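Please read the structure below before turning to the comments.
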Amino acid sequence: MVSDRKNLRFKTENFRELGLLLFIILLSVLIQFRNPTFLTFSNIETLLINASILSILAVGMMMVLIVRGIDLSIGSTIAFSGMISAMTVASYPHIHPLISILQGTLVGSGVGFLIGLLVAKFKVLPIIATLGMMNVVRGFTFLVSKGRWISAYQMSIPFKEIATGRILGMNTLVVIAVVIYSAFYYFINHTRTGRQIYAVGSNPDAAEVSGIPKIRIIWMVYILMGALAGLAGVLWVSRFASAQGDTAVGYEMNVIAACVLGGISISGGSGKVSGLILGAVLFGILNNALPLINVSPFWQQGIQGVVILSAVLINVMVKRTNERQALRRRII
Amino acid sequence: MSEYILELRGISKTFPGVKALDDVNFNLKPGEIHSIMGENGAGKSTLIKIMTGVYIADEGQMFFNGESVVIKNTNDSQRLGIAAIYQYVTSYPDLSVTENIFIRHEKVHPITKKIRWKAMHQAASELLRQLGASFDPRTRMGTLSVAQQQIVEIAKALSVNARIIIMDEPTAALSNRESEELYRVTEKLRNDGVAIIFISHRMEDFYRLADRVTVLRDAKYIGTWNKSDIDHDKLVMAMVGREITQMFPKRSVRIGKEILRVENLGREGYFKDISFNLHKGEILALTGLVGAGRTELCESLYGIAPFDEGAIWFDGKQVKFRHPREALDNGLGYLPEDRLGHGLVLDWELFRNVSLPALKEFSFRGFLSLMKEIRKTKEFGERLEVKATSVFDKAATLSGGNQQKIIVAKLLTADLKVIILDEPTKGVDVGAKTAIFDIMGDLAEMGYGIIMISSEMVEVLGLSDRIVVMKEGRVTAVLNTAHTSQEQILRSALGSANGEVNHGK
Amino acid sequence: MAQRELLIERQRSMKRFIMQWEWLLLLIFMMIHVVNSFLSPYYLNFNTFIRTPMTFLDKSFLVLPMTFVIILGNIDISVGSTVALSSVIMATAYNAGVAMPLAMLLCLVVATTCGLINGVLMVKFKELSAVIVTLSTMTIYRGVAYVILEDRAAGNFPNWFSFLGWGSIAGIPFMLIMFVICAVLFGILLHKTTFGRKIFGIGNNKNACIYSGIETNRVLLWVSILTGLMAGFTALFLTSRMGSTRPNVAQGYELEVIAMVVLGGVSTAGGKGKIIGPVLAIFIIGFLSYGLGLVNISAQVLLIIIGMLLIISTMILNIRFKRMKKPRVLQS
Amino acid sequence: QEGAKERHAFVFKNTGNPYGEKQMSGFEDGIVEQGFEAILRAPDLPTAEAQIQIIEQLISQNVTSITITGNDFDALEPVMKNAMAAGITVLSADSAVNPASRKTHINQADSEMIGRTLIRAAFDMAGGSGQIAILSATSQASNQNLWIEWMKKELEDPKYKNIQLVRVAYGDDLRDKSVAETEALLRTYPNLKVIIAPTTVGIAAAGKVITDKNLQGKVFITGLGLPSEMAEYIENGACPYMFLWNPIDVGYLSAYAATAVASGKITGKVGDKFSAGRLGEFVVTQASDGGTEVLLGPPFRFDPSNIAEWKTVY
């Protein structure tokens, strides 16, 4: 009994994004007051659908950030893989959607493979390698599409249903996101390779000395990020039923923002899936709720900024209070 | 089958500009504790890094059980059963203690390959208990003190069931009590047939543990002796190349007026009710077990982390430094415990490191004077006998002891009245130790008040005028060195914290 | 004595001097001119050549302080928004009847304040990474600009104001003159003064600096203020070049500026770099895209070329370093 | 460069936009037809800053004329004036720049007509009464803002007293944002009847949301969009009809206007007449922003009857 209580306290102390959770609850209540349709089942589903692509990408970005990297190219990868699979579907309408998903994921992995090669093997700084690839991949997207878009009528119905279909009564996108979260939760917390991602990010030199295949781990992380971005590209195109050359320009910043909101450190080594979910959810709420609360559109961006800032500040305050209390409990 | 489990012949290694090893031989028998000794920068760490594959030798051969082997990387050495604790902690601050211990040989489920956290936590607890440590293996490594991290490193080496364990200055961050635990464990391992290489600058480690000793000097191999075949003076002579007559050059300095007084100082969670004072020309030792809060106390004095209660009088004024800058400007300096993290900018040349605390002195209207920096650094370097090729050397390339001297040099650039030295001799060779003691003596003579944090009894007793003993954030005794004994200090360090403060006889 | 040692060291460092990244940049810079003049008959026209920098210099005023920021080990992604906000406030004030010189002063004051706010937030909330702080202020600053001007543009500045962005003195663009002055000042500040030394120190090892009595907060604040101030200058020049302003100006400048800084050999890990590198990078990217623009290369190909340039030039740097690579130093 | 062909440049808003590609190809056709050389440029992002750079590059090349689709109404003025000073003919097409920075403007359709037509369409779809909303591109897009202004003017007519414009939302021409804004509109105004989206990304996103939520027949969409993007939603009834002009013709007309002004045949004053190849004769008229313009013609209406033939064209 006593030990149970202690255990619980230990856990809450370890739950570093407690403040963020409190903030999300507070924010939801406030929005609910302004627009009572906010906390309805259907709106929450919409919110989740809209947040799912972002959160799939955030999982990849989390791993990249953990190994002290960054990936600015994912917006371009989304566009590229989305465009390729849309073009394929337009020419071969009878392709099974699973093939499309696979195709997009492979294209994304290819881009990730190149970035991993640059970063892990050739030791190009991640920010440069991915900034460069961002331009290169975007350029190629325009080139392969020759400036055309692939529109809804050119896509087969099964392809569009990737994003609109339902599995077990849930939207497929949400299901895919949940599956990916569970898989990656298991992967980074309960497998040796997963833990080595943290080790490499926490102390790269030590990792090398203790014989962790640093290069392979970093490479793998970028391939996974690329694969997820490629997958997201297919989902994106299917969801919006249109593939454009300038799809998802600047989307990487949203993903990185969701990650840092979720407590993932830019300097590597730390970050948890639980925090990540909160970050992605907060971002989903921001995008979903601001249009709902009926303020002038010109105020939206300002409000969004203030919300982000308050979220991180409140999180810090809660953390500080926690730490102070922990100190107070220490007997000296 | 050879007599030796590991043998190195004619090993040489050159770094850009430095010959770190020059035709060095070394051999290791199964079931022995073999000490490697030598001055700072003699090449000890380099030698063991060659054994573990961190570096690759330019020349020379290695034999494992009589067979020639090539160790190209750390995986090769791990396969041979060689485990190492490096001089500087190579841990993962963001991972838990358990993971740090079991990294690369995690316990996994045989089929699913899922990590068995419970089993690992348990095993980690057990290992830590063996080493006399009591912290939870679930804690994040980064929140532990340097000493605690060192213990984890040892546990890590124990956990692999290695045939050869290399320990590079494992006791440097430990106090006597933890060292005792380490001795015990080491001896037990030896009795189980494990061969152990032990590097330390502490003579007592050698006497207590080693079976044989190999001495290096200036990258060269000097010789290997059985413990019984070499006496103290001969060993020091082999290491330093000259005789050291007096380890603790105790000088009779006239103690001046009070310069620092601390009254009922407290900081929540760290220390409480700390009172003591310091005079000009006095050397005050601050001792206790690791984790007693000595570092935190001194950091509060220096303005790194504020205290919440009590008062400090410095040179007659009541002060509360909010930033090290204020402390330095008022004449209080601090030599940090964490040499690499807090003391040096490793990527910088020596002169840039030395000028850092007193940039004003080295500049005119904000413009830096390179000449001044170089001249001063050279001057201090010569005075402290720093071993380096030039003032343009990167701090990272210096050996531990020489790095320490550079940090001392930093303090000398500012105009100070009181200097706090936090474990100044940690990982420093005999020769350099005496040099640092010498400097402390000089400073005391010049009227500086000196606080020295130290966990080594010999040092504390040999150098100080008075001793403050701390335990768990409280002062348990203020003793007069002339009238005290090792037992009395230990009793205060271990004994009840809540008892009356013992002010000596 | 010391003099002699310095001489020896100078000789010894000759080799290192010759092997510098900046030379490579200079080489690329020269090559670009050769290629460009080969490609386009319009390129080697002195008049064009000297006026070209005007087309890309506005954001280069941000490159200078961003170099400081990155050497400090931070990053500032709010600069584009700062430019927008200060520009919008200047224009609004002028249109509301404030005298133009005063409005310009106001622009600098607003921008500096934005920088100061970033700095204060970072100092007061050390737990937060610079990315998250500037990410939130980025959104807020631009949000405020939107609130002020909504969907309107503001401008109608007096004629002399266009001199800033378009004028020349003795045939040399005023902007170029100003930039050279600023670059020299920033170079001196970074490489010759105690302030610059502190910046390098903090970027290398912040803790060591704190223990050495460097008031790291103060340095951080000053750098933030400088960044703000230079964003103000950028706002002046950009507004002058456009003759009017809107809340959406200078969008995406932060990434372009960061790209130039890292191409200039400044490590995002902090602590390393020279001012000359980013300055060269500005001219490399500027002249390259100008030259390729003269042969009317399409935007997508230009994207690919600039991306490749980023990646390949850094790879050359790495290969060079690998040869000189020092053994690892183990550290915690 | 004696003897070299005259070169005429066209600068679109951004690259990779099928609408722009069509406009540029129309321009190219028109120029090549007359025996000149066409230069087609577009920055990778739709900003005025990037267009300024491109125009400076064109000035250095001494092109004969520049026709621009402006990313900003006012911000290009200084650089356009520079181009004029260098003797280059400058025009705008599709999205205007201010009168001071152009000789004339090629207007794809009368702004007033577009605004009024869209409101009439909404009135028609709503059945004479109910709530309507506008989903625009960015709040800074000058084209869209002008049309919205005219829509509001049209709504002042007492005939629309039962029509209520509840909100102008901005989807920033981003798919995800446009979708989120549409969803918010539907949720906040459950009785919404019509969404007018005078931008391709916005109207397609709205069409997608209506289709996904199976609201065809309850909520209608109209506006301006590419037939290829909208084919699906026109065919499934989410959008009964919508409008657009032929971007190829916009480009083609611009080409003839540019050469006419550049050759001195016309000066761009009201009343000037010139012939534009296969499109026939055009007259320069007064524009509502104070400058002059050439009007292509009324917007074309796309509905289920004709969408199939147009969806593969652009």
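Per-chain numbering from 1; labels A, B, C and D assigned in written order.
Everything below uses one rule, namely that a residue touches a chain if its C-beta (ideal position, glycine included) is under 8 Å from a C-beta of that chain, and two chains touch if they have at least 3 such contacts.
All values derive from a computational prediction rather than experimental measurement.
The greatest centre-to-centre distance from chain C, using averaged C-alpha positions, is reached by B. A count of contacting C-beta pairs for B-C and for A-B identifies B-C as the more extensively joined pair. One finds 73 Å separating the Cα centroids of chain B and chain D. Here the CA centre of chain A is 43 Å from the CA centre of chain B. Rounded to whole angstrom units, the spacing between the C-alpha centres of chain A and chain D is 35. Shared interface positions of chain B, defined as residues touching 2 or more other chains, are 54, 86, 90-91, 93.
Residue numbers of chain D whose C-beta contacts span two or more other chains: 14-16, 44-45, 139. Residue positions of chain A touching 2 or more other chains, listed in rising order: 138, 142, 203, 205-206, 208-209, 298. Pairwise chain contacts present here: A-B, A-C, A-D, B-C, C-D [touch as defined]. Chain C makes touch with chain D in their complex at residues 40-42, 45, 48, 52, 54-56, 58, 146, 150-151, 153, 155, 162, 165-166, 238, 240-252, 289-290, 293-294, 296, 298-300, 302-303.
By the touch rule above, chain B contacts chain A in their complex via residues 52, 54, 73-75, 78, 86, 90-95, 99, 103-104, 106, 108, 113-115, 117, 138, 268-272, 293, 472-474. The touching residues of chain A, when paired with chain C in their complex, are 72, 118, 122-125, 127-129, 131-136, 138-140, 142-143, 203, 205-206, 208-209, 250, 253, 256-257, 260-261, 265-267, 296, 298-306, 308-309, 312-313, 316, 319-320. Of all the residues in chain C, the ones that touch chain A in their complex are 77, 125, 127-129, 131-133, 135-144, 146-147, 150-151, 252, 255, 258-259, 262-263, 267-268, 299-304, 306-311, 314-315, 318, 322, 328, 330-332. The touching residues of chain D, counted against chain C in their complex, run 1, 14-16, 39-45, 47-49, 52-54, 56-57, 60-62, 72-79, 82, 138-140, 145.
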